[in-house]
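What follows is a group of structures, each given as structure tokens.
Below are two complexes that have chain A in common, paired first with chain B and then with chain C.
Up next, the complex of A and B:
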């Protein structure tokens, strides 16, 4: 799917709009399955948007579970120490992963391509080992258990519908941050993705924008980690297993990596299908794999990317060609 | 001193296993540009096939290993043609397709064998004891077989016309094609060799370590570490790095304890990447 600033902006807005109904779900439904699906959607979208921000620069980052763990553990430890106000927890979960991202970024952002992929994957393993090696701080293999429910201006958010509402709200804020950053730096990110050397020669401070993207991605993942801990009431290493990043990456690619709408559609589709597949628990992972292969083979641009391509072709056949990209729009 | 030597021998044995796994992984990447997320799955498959042949069907252990290797290679050949071939230019798509295949493969194994570890044991027990040094025979046998397999791969890649063609494809695909080297033949064969190596390692090593459906994830991670250290697509680099990883892990496990050993290994990877971001023998990375 070729970049088109105007079209992509509207697709991104549609993606954000598709998130809004999640806020209404805990108010309208009490069915545990719907509430479970709602918070899974919200967390899945936020974590996938963390992958998406880096992909805007052509970097596939596998550090999402590690930053989710930093954000989640920070919130859990803070809540255990008596600070349960959700705004404070959000601040900690957002800022701490960003601080961690600075030295990590200095180390990994000079790597390219597959070296970047592998080293970011290894960081998840390092963090898991650190968690296991620091039982006094992180609870080790037991994790941080019995995390008290969050509060909002003194109101208890432990009631199921409020808990889901808070989770969705946290993820929505994370999504807005990812959306805002990817649009604020759209031209720079796209130029780095398309031709880094040319971008650099034209004066784009590639390293600076990569670092900005990495820090934002870390903060967004940290908020997704808080959302997960808020739902589970515990921060456990297995919740942030390295392998889980493959799910978030799959959401992005199955939906379409070029737009926020793609990320949202991919997350909704795969999370829903995973829940359907859970009825056949022992086959669930295989069916997920089958779906992944089917979508990647039938629609390599993802569901949204392929739909846009087909729709664009249809409009062109009708003589209603899509709007050309404005000069400089794709940098 | 005795502990030091014993750990060194075990480290060399582990290094040989890692080399066999990583050579296959880096061969696929070097020639096809594909990051095979199913590589650990082929290791698991090799283990289960060898288990079925030797412990269920009563086939002699050596024959079971050979048959498991051939079967894994054949499955790899088919996977390349059916799933990978058409999308080989899109590294990210093939990464996700192989990930999907890995999940299907592991699910199939869970359905047939269950999720619990199998009671798969090495047929030769006992240890070589000399001057206080203690080395299990199984480690020595694995070291010798892996060494022979590595030598065979080295001979194939560097001493045969087929190997020259493979390296030409890895160095410059378009020029190799213009010289009449057919990717339609080379790619599936390279994939089959690589998956066969993973299957061989699984068949040999799982009776010593463990055989359950999820051991492949750790194996894939180890392959990542080795190819990062050695340099993507470099077979000599993968060999050297595998032994560095094996020895580091063995010594760190003995002197520091299990998970601290792994931590030392990861720190070593970071240090090497700081000094030489493209790995020991690597060149500029492909864009993913």
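Up next, the complex of A and C:
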């Protein structure tokens, strides 16, 4: 297997490694600002990995908040009905969005470019509408309130540090799933991203892999939704507002859309900056926008993508056979 | 027996007629050349067989079966291998991933076997297996594109201008690889602008111009009759 594991794999693994310290934060710190940053990081990474999975095929999916809502509401309702075991909640908020993704995928996965973006965005609006129109089921504009704290094998996860720990753990699992899927289907996704028609003519069942990606992306977002509900203690429509997807997309592009490391770095950077800018509430939106523009102008491949381009030359061939000068081949 | 029969095929792009009633036969085990200058319609014909362009008249029979309505990916699974003009490897995939990208439906074991088979024809692949394809030279990329096309063990191999933009030393190497494929019984339909190296490899040739077949026959006939004045 060794030959397949080239640089991207290690960059992705580094991204995963950068998530591990989040687990330690609630054990080490009591400072509410640090704990708040910790769970925001975790949820932000999980949600943007949902964007990332689809981007690996060159598709910009805006459906993330809707899938987060399906996962979050499923967990909230289940907990209110008495099932508080976090494993059961995870199962529900992972599987249910994936089931939703199948018919939606059938509708949308033949579309391209702007049409795809537009329709996937509309799904969020439709879901918001459904939530507001079904107060009996979803609590309407009030959301599902008073969600009991989750439990793990009977242990109460309501204590603040445990709550943050559980949130991070859920997001970590979501991230591992996104990571695993993007590596299992690396060749498929990349060939589709680089040249879909060529991939098709070589026998790649493009449509099938798009569906797989969309389903995985939905499950990952659903877990992020559970994490959010677990942290807030409510499932509220505003937590899953359509515009929130812009943040997740920004994390991915600022960090670098090509690797998990990029997603993690982008999420940390922008979430931290958002928290800093929030101190200047009246300026924060503008400052955030300026930062985005600055990063994208200075580093079009995102922070990680550009760093790899600048410094990656040394390591690119590491482990490969030394390469003789191209013998007369012209491109 | 004909493995591929193209019967008075038409391909149009908007107002442009790229193929104007072209008929081509490829029999089991032979190598057939479509020769013609830029714009003659060679790629349009190849892409009509792969399903990348739609036809507006005529029929394509593969092993006697009409390909109309069969999507591109399914044609590959029927046994049509394709190496595109300009190579078009997947740049950020490794050599090995590129070669195996045409066998993604297969089990890992079967894919490994096919990769080993491809390596036995193109030893370069084994050396370069882990290298991203964008680090390869043009000739190396052409080898990768060839290997990708044959790693499915296709019944018919379509090669669109395999020598395009390559230096003579690489044209020789690609020619050797094609001969090795022929020794192993591969049926090939290839296109070229460069008559001299291509005619050495094939059994029969069709001379195309302006979307029509102007002449066809055995290599000897073609070489003497037509190409002396037009292409050589």
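Basically, the second predicted complex is superposed on the first by the 307 of 331 C-alpha atoms of A that agree within 3 Å, B and C clash if a C-alpha of one lies under 4 Å from a C-alpha of the other, contacts with A are read in each partner's own complex, and residues count from 1 in each chain.
Operating definition for what follows: contacts are C-beta pairs under 8 Å (C-beta built on N, C-alpha and C of every residue); 3 or more make two chains touch, one makes a residue touch a chain.
Computed from a prediction, not measured in an experiment: that's the story for all the values here.
After the superposition on A, what does A:188 contact: first (chain B), second (chain C), both or neither?
second
So, A:218: does it touch chain B (first), chain C (second), both, or neither?
Neither partner.
Quick check for you: in the superposed arrangement, does A:115 touch first (chain B), second (chain C), both or neither?
Only chain B is touched by A:115; chain C is not.
State whether A:170 touches chain B only (first), chain C only (second), both chains, or neither.
neither
Figure out whether A:198 sits in contact with chain B (first) or chain C (second), or with both, or with neither.
A:198: touches chain C, not chain B.
For A:46, is the partner it touches chain B (first), chain C (second), both, or none of the two (neither)?
After superposing on A, A:46 lies clear of both chain B and chain C.
In the superposed arrangement, what residues of chain A touch both chain B and chain C?
In chain A, no position sits in both the chain B and chain C interfaces.
Spell out the residues on chain A that touch chain B in their complex, using ranges where they run on.
Going through chain A, the ones touching chain B are 58, 60, 107, 110-119, 121-122, 125-126, 129-130, 132-133, 242-243, 246, 249-250, 253, 282-293, 296-297, 300.
If you look only at chain B, which of its residues touch chain A in the complex?
By the definition above, chain B touches chain A via 29, 35, 37, 83, 86-87, 90-93, 96-97, 99-104, 106-108, 110-111, 217, 221, 224-225, 227-228, 232, 259-260, 262-263, 266, 269-270, 273-274, 277-279, 284-288.
So in the complex, the part of chain C that touches chain A is made up of which residues?
50-52, 71-73, 75-77, 82, 84, 88, 90-94, 96-97, 100-105, 127-132, 135-141, 148-149, 152, 165-170
Which residues of chain A touch chain C in their complex?
Touch residues, chain A against chain C: 2-6, 8, 186-188, 190-191, 194-195, 197-206, 316-317, 319-321, 323, 326-331.
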